[in-house]
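Across the two complexes that follow, chain A remains constant while its partner is chain B and subsequently chain C.
Here is the complex of A and B:
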């Protein structure tokens, strides 16, 4: 039983040692990062069975909760970190020698830091620690965005402006909470949330929402997403789109279901999510730049997840969470293949990507598998989650919401199919550039997609357990505060 | 062999063969044909084994084990027999014709997946299995249509899949509303539950369940996708599209109305002239489809579009016959379903053969091919005789039964539509015959030969079937009566060569012998007359005048102009425009959002955040 804190500590350690490794050998940083992510996955696998039985709580420095920062890994966090570790491993493998920046040590340092930050957001049990890790993640993201020389700075500046405003709000929320409750530990706040003045609770929850939703992909707070995700290198885009959004939504869920479980707020979340979903899909259709289109699609998917989860019933929450994990896997596949296609064709525009599927068949098939997964074709993983979402919202009687979700899917179909048709059946109009073809990440991701499509119980069984834990706050509180 | 394997063998073989095809050319097409032949053989052995138990596969979803059920009934047997039969014939045909094709291996891959998924749709025993395979079928046919050579193929397949998916999502919504109440998907349980609901709710759910099938069948007002899909699909896929894909929609309608059976629920609702209102409206739409398809078909210059519209109008016949819910109507609808598949496939295969040789689809650019491609001509001729409904072909019998059914119940509009469709159909099928095969040969087509034997073989088989079923309709009636018994519809009396209609019996043996006798008589007179002199074609045509450009005298363009002029204003108002405008408005809305929200200006974004908080605060979050 390896201490789970290593999952966060190892990438941080690797990040700060990379300049030293870089001095020894230029290739060493990428290998170090790859090894770190592999060790993380190993640690998680070793601890998996134990965490399924009972949530693991680790107190830092051996101080008891609520005096110390604690790490809480329940079933939901377990599934999240499993997915994060697999995907970060695949992206680290891709970074070994396929990325444009594989030889820059600064890239690997920042990548390592952002991975540590993501794990931290998911696993933490303390709200100020959450703030710290969100800041770590965002600052690393600011840095990673600027690797693209022509437009990276502009996108990063917009990101910084919005990020700073959001952290101000987040800090205000934490300040209010601390002054009202007297502790920063999530379980203590959850236990005491009934005693706080209801008006204050609403103010705090609004500030928390604004502070975290910018990291979670909800319009209009995530208006920086299209710029940043399209400008960043494809490995970074997949991390941001897949993993950071996953962490952000997980944090939002923990706050709105564990900390301040106020059902009257869920209506607001539903409406915000629905509006963001429709606007995101409609704007995505307009795009000609393929990575921008994928970025808008990420925003729309995250809003979809938020909307469904805020319905609040067991079926809806498990459907939304499954969609979240599927999206992480699929978006990584999409961004990696899109990045390779852009490098091959030398252009980001969809209209220039005509007919390249004949030259780079596996990459084109990878893109298609990713899009078909998001659209929900049977035997892909997206089908099961989409059916669960429809089931969940109809179960709760939300007919308009179901109609909006399905309408958004039809629009999604419109723009993804445009790309698939162009790359498979269009006319070749570009001079191909030489690229290093990377097959292993694509094949691994396709296998995972089909595996989850045919055996969804790999995730749905733990997910049911996670949903149960999420909906019963008292278990969470008693688990953490045990002896008190 | 387990029913489940029928669905998965084509799909698995398709993937294996796709990778094999990279090494050995032609292996994919041949492998496809072999697999389909094997499946066809196995399915024909399944005839009369209606007592095979259901098979279930457990799938873990929604917190419980869901059973996916597969079952075999006479109705599904009919469809899987037709599917594998048609698939086999087309696979044999495409061994030769796909050789010069772009993405040829993806054609066979998708075709095999399509066949597998249609088998899955038809063998499904519960709605979830039906939906899963329905989606796979839509997607594989989307990729098949997209691989057509024409540029318009992309737009056509786009329209097809978006329309299909809207229908499928309506069905899935209705399905899950029902599932949340009874927690199962089986046909009988759903029907039992629906009959317990208040009548308006169950009618709305039934309509939502039925819409994807009606869209797939190409009935007015959803016929807009058929035209584009047919004319732009690869020429080998069009026969299948017409012959079978439209029929799967009809299968769904039969399934819902009679098998589930929702007809009993509909009977409780408002009745108009003896029919539930849903059926009556469906029948009227069928009639309108017949008329629209016929009028639009007569105007076409492109032969594939012409046959596409003809398919639409024939589907209208079948829907009309099924919707009126009488034993004769049901029998007529199913007979026409089977017969239409046979003769439409023949027409499409012969046209595909012509396109294969001449590389064009515009009828005005062809002509005089009767001597160059005699087998193709014969196949086409017999097929259009069947389509027009002339004895002794099978098309006559199915049309006769449908007329009997309509007249028997006294539906004037529908009978008029049916007769109009019949007469019109003869007009539009004669047009390709005259413009492609008769008339003057174009100079560039001097060296055209007949198509290879592998492509002629399916045509021979189908020609034989047309005549066989025309003479011995009892072969088909046997199966149809079994289906009628399954669905609790009164069977229609028949023997091997006669059918009992509402106003008398049709004895095909007598009629066939009369035809043969007449034919023999004419042949004897022809043989015993003086030998005729061989004259050049243009000499008789121009009465000996000299001309140097025979092809200018080929009457092909705007063949039926006087008739078309009558309906010009009608054809100008196209339903497609309505759909397109609706889609464009949605796109414009998105454009509006993009221009107003995404300004690219960092300060505006910061302002959005504060505005967001203020709006939410005053909307009720805080206040």
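Here is the complex of A and C:
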């Protein structure tokens, strides 16, 4: 077995060596990033069979559990890091040909750092370490946003202001947790959470929600999302939308299921999520800018995941998690293809993309596959997760929620099909710009979409196991702390 | 009254600092003033974290040849370690933000957010 800490350490090492590589050869940084992401995928594959049998806990510095910062990789974390490594590899491959930024090596440095931060958020077992990794991710994301010279600075300022306010609330939550429990280890906090005053637990979890929901794209705190996602380069938008949101939601799930499993909080999450879902879909419907539309759709999808997970039954949780991973794959596909279409047409407006499918058919098909996947058409991966979500909410007796999910899907259908209709059957009115057509990432992503649509067992089996682990907190505690 | 102040001034003062900072961020129009507000919030949260680890009459948690058993009253070192980390992160974010502000000033020749297209919200 290879030590899993390497998948955080390698991208960080690569990030700080990239200026040196850039000095040797201008082409080298992108290749180095590609290689590190490939090695990460390899490490995870080598460890896969062992982690699926029992969670792996790595204690840093050889200290015992409550004193050391530990890395906890259970089944949920395993699926997350597998999806993250696959997607980051695909985006790194895309960057090989598309790094047309004036200061390339800085871009690749920041991309490496953001990948390391995302792995860290998912795997860490210590709440202060969680804060540090969230800050690593967001600071790298602030930098990546500014790479678009056009409007990147305005979006970045917005992002920095909201991010700093949220991080203050996150720190406050961590401080209160520490003063109540006397430890920063997640397992110790989970073990002690029944002894804390329930009112304090509610305040702390609310503060955690404010601190992390900004990263996870839940609406009241994510007003930065449309600006940043639409303005950043498309490789960055897909990283932010696919991977950072995934990490944020995973962190929220850990806080609300492993740390403080208070059922009265789930109602709150459900209401916030449902409101955010409907508002996100309605705003997405009104957008004419294709990337803004995708960004609002991301907000809606994340809210859907949060809502359905907060139902709290086993079936609903695995449906929500499945949707989370589907969304990561589909939004990467959508943002990459949308970025290429925007570059080809030289415009962000949907109405200017008419008939683009006749000129660059494969890219348009990629976009349609992504859209149909999000809508949940049969044989696409979104179908299975949508079925699980609807089933899960019906079985739990949340009929209003089922109605809202279906209503949201109808709105979604309206705006995605509008785009598909425009790009396939609209009047051709583009003067084409030269683009580098990179088909490999698109084909790989389309393959993954159909693979998961036709053989959902690939992911549903580990997902059921992950849900089981999430719902049995005592196992988590005893895994980390041993017999204590 | 003095007892009350002694007990709550760290806590109340730091929360007050955070609230003043938040007020500044929300109401000010000048980007630099917004960042001063953010900085105040950071300071407030750092004071709050330190005050959580405060022990009445405690000494620095360093073991020396004379201070080497548990009978001494140590302050809690972990919040101080947290604050060091959070100060570093705060400075990094502040520096990055000011750098971006310079770029915005070069582009628009103003720092007033109500005059910058794309910053009105």
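In the analysis below, the second predicted complex is superposed on the first by the 480 of 484 C-alpha atoms of A that agree within 3 Å, B and C clash if a C-alpha of one lies under 4 Å from a C-alpha of the other, contacts with A are read in each partner's own complex, and residues count from 1 in each chain.
Just so it is clear, contacts are C-beta pairs under 8 Å (C-beta built on N, C-alpha and C of every residue); 3 or more make two chains touch, one makes a residue touch a chain.
Note that this is a predicted model, so its numbers are computed, not measured.
Trainee: Looking at the overlay, does A:151 come into contact with chain B only (first), chain C only (second), both, or neither?
Mentor: The answer is second: A:151 touches chain C but not chain B.
Trainee: Just checking: does A:179 make contact with chain B only, chain C only, both, or neither of them? Give me first, second, both or neither.
Mentor: second
Trainee: Touching A:223 in the superposition: chain B (first), chain C (second), both, neither?
Mentor: both
Trainee: Could you tell me if A:432 is touching chain B, chain C, both of them or neither one (first, second, both, neither)?
Mentor: Neither chain B nor chain C is touched by A:432.
Trainee: Once the shared chain is lined up, is A:346 touching chain B (first), chain C (second), both, or neither of them?
Mentor: After superposing on A, A:346 lies clear of both chain B and chain C.
Trainee: For A:165, using the defined touch cut-off, is the partner it touches chain B, chain C, both, or neither? Pick first, second, both or neither.
Mentor: A:165 sits against chain B and chain C alike.
Trainee: May I ask you to name which of chain B and chain C touches more residues of chain A?
Mentor: Touching more of chain A: B.
Trainee: After lining up the shared chain so the two structures overlap, which partner does A:143 touch, if you call chain B first and chain C second: first, second, both or neither?
Mentor: second
Trainee: Tell me which partner A:198 touches in the superposition: chain B (first), chain C (second), both or neither.
Mentor: After superposing on A, A:198 lies clear of both chain B and chain C.
Trainee: For A:19, select first, second, both or neither according to whether it touches chain B, chain C, the two together, or no partner.
Mentor: Neither partner.
Trainee: With the touch criterion stated at the top, can you tell me which chain A residues are shared between the chain B interface and the chain C interface?
Mentor: Shared contact residues on chain A (touching chain B in one complex, chain C in the other): 157-158, 161, 165, 223, 227.
Trainee: Applying the document's contact rule, which stretches of chain A touch chain B when the two form their complex?
Mentor: So the residues of chain A touching chain B come out as 157-158, 161-162, 165-166, 169, 199, 202-203, 205-206, 210, 214, 219-221, 223-224, 226-227, 265, 268, 272, 279, 281-283, 285-286, 314-315, 318, 358, 372, 377-379, 383-384, 387-388, 390-391, 394-395, 402-403, 406, 409-411, 413-414, 417-418, 421, 424-425, 456-457, 460-461, 464.
Trainee: Name, in rising order, each residue of chain C that touches chain A in their complex.
Mentor: Touching chain A: residues 18, 22, 25, 31, 34, 38, 41-42, 44-45, 48-49, 52, 78-79, 82, 85-86, 89-90, 92-93, 96-97, 100-101, 103-104, 107, 116-119, 121 of chain C.
Trainee: Over in the complex, which chain B residues touch chain A? Could you list them?
Mentor: Touch list, chain B to chain A: 60-63, 103, 106, 132-133, 135-136, 139, 142, 146-147, 153-154, 157-158, 161-162, 165-166, 169, 172-173, 176-177, 179-180, 586-587, 589-591, 593-594, 597-598, 600, 602-603, 605-606, 608-610, 612-613, 616-617, 619-622.
Trainee: Please output the residues of chain A touching chain C within their complex, sorted ascending.
Mentor: 128, 131-132, 135, 139, 142-143, 146, 151, 153-158, 160-161, 163-165, 167-168, 171-172, 174-176, 178-179, 184, 223, 227
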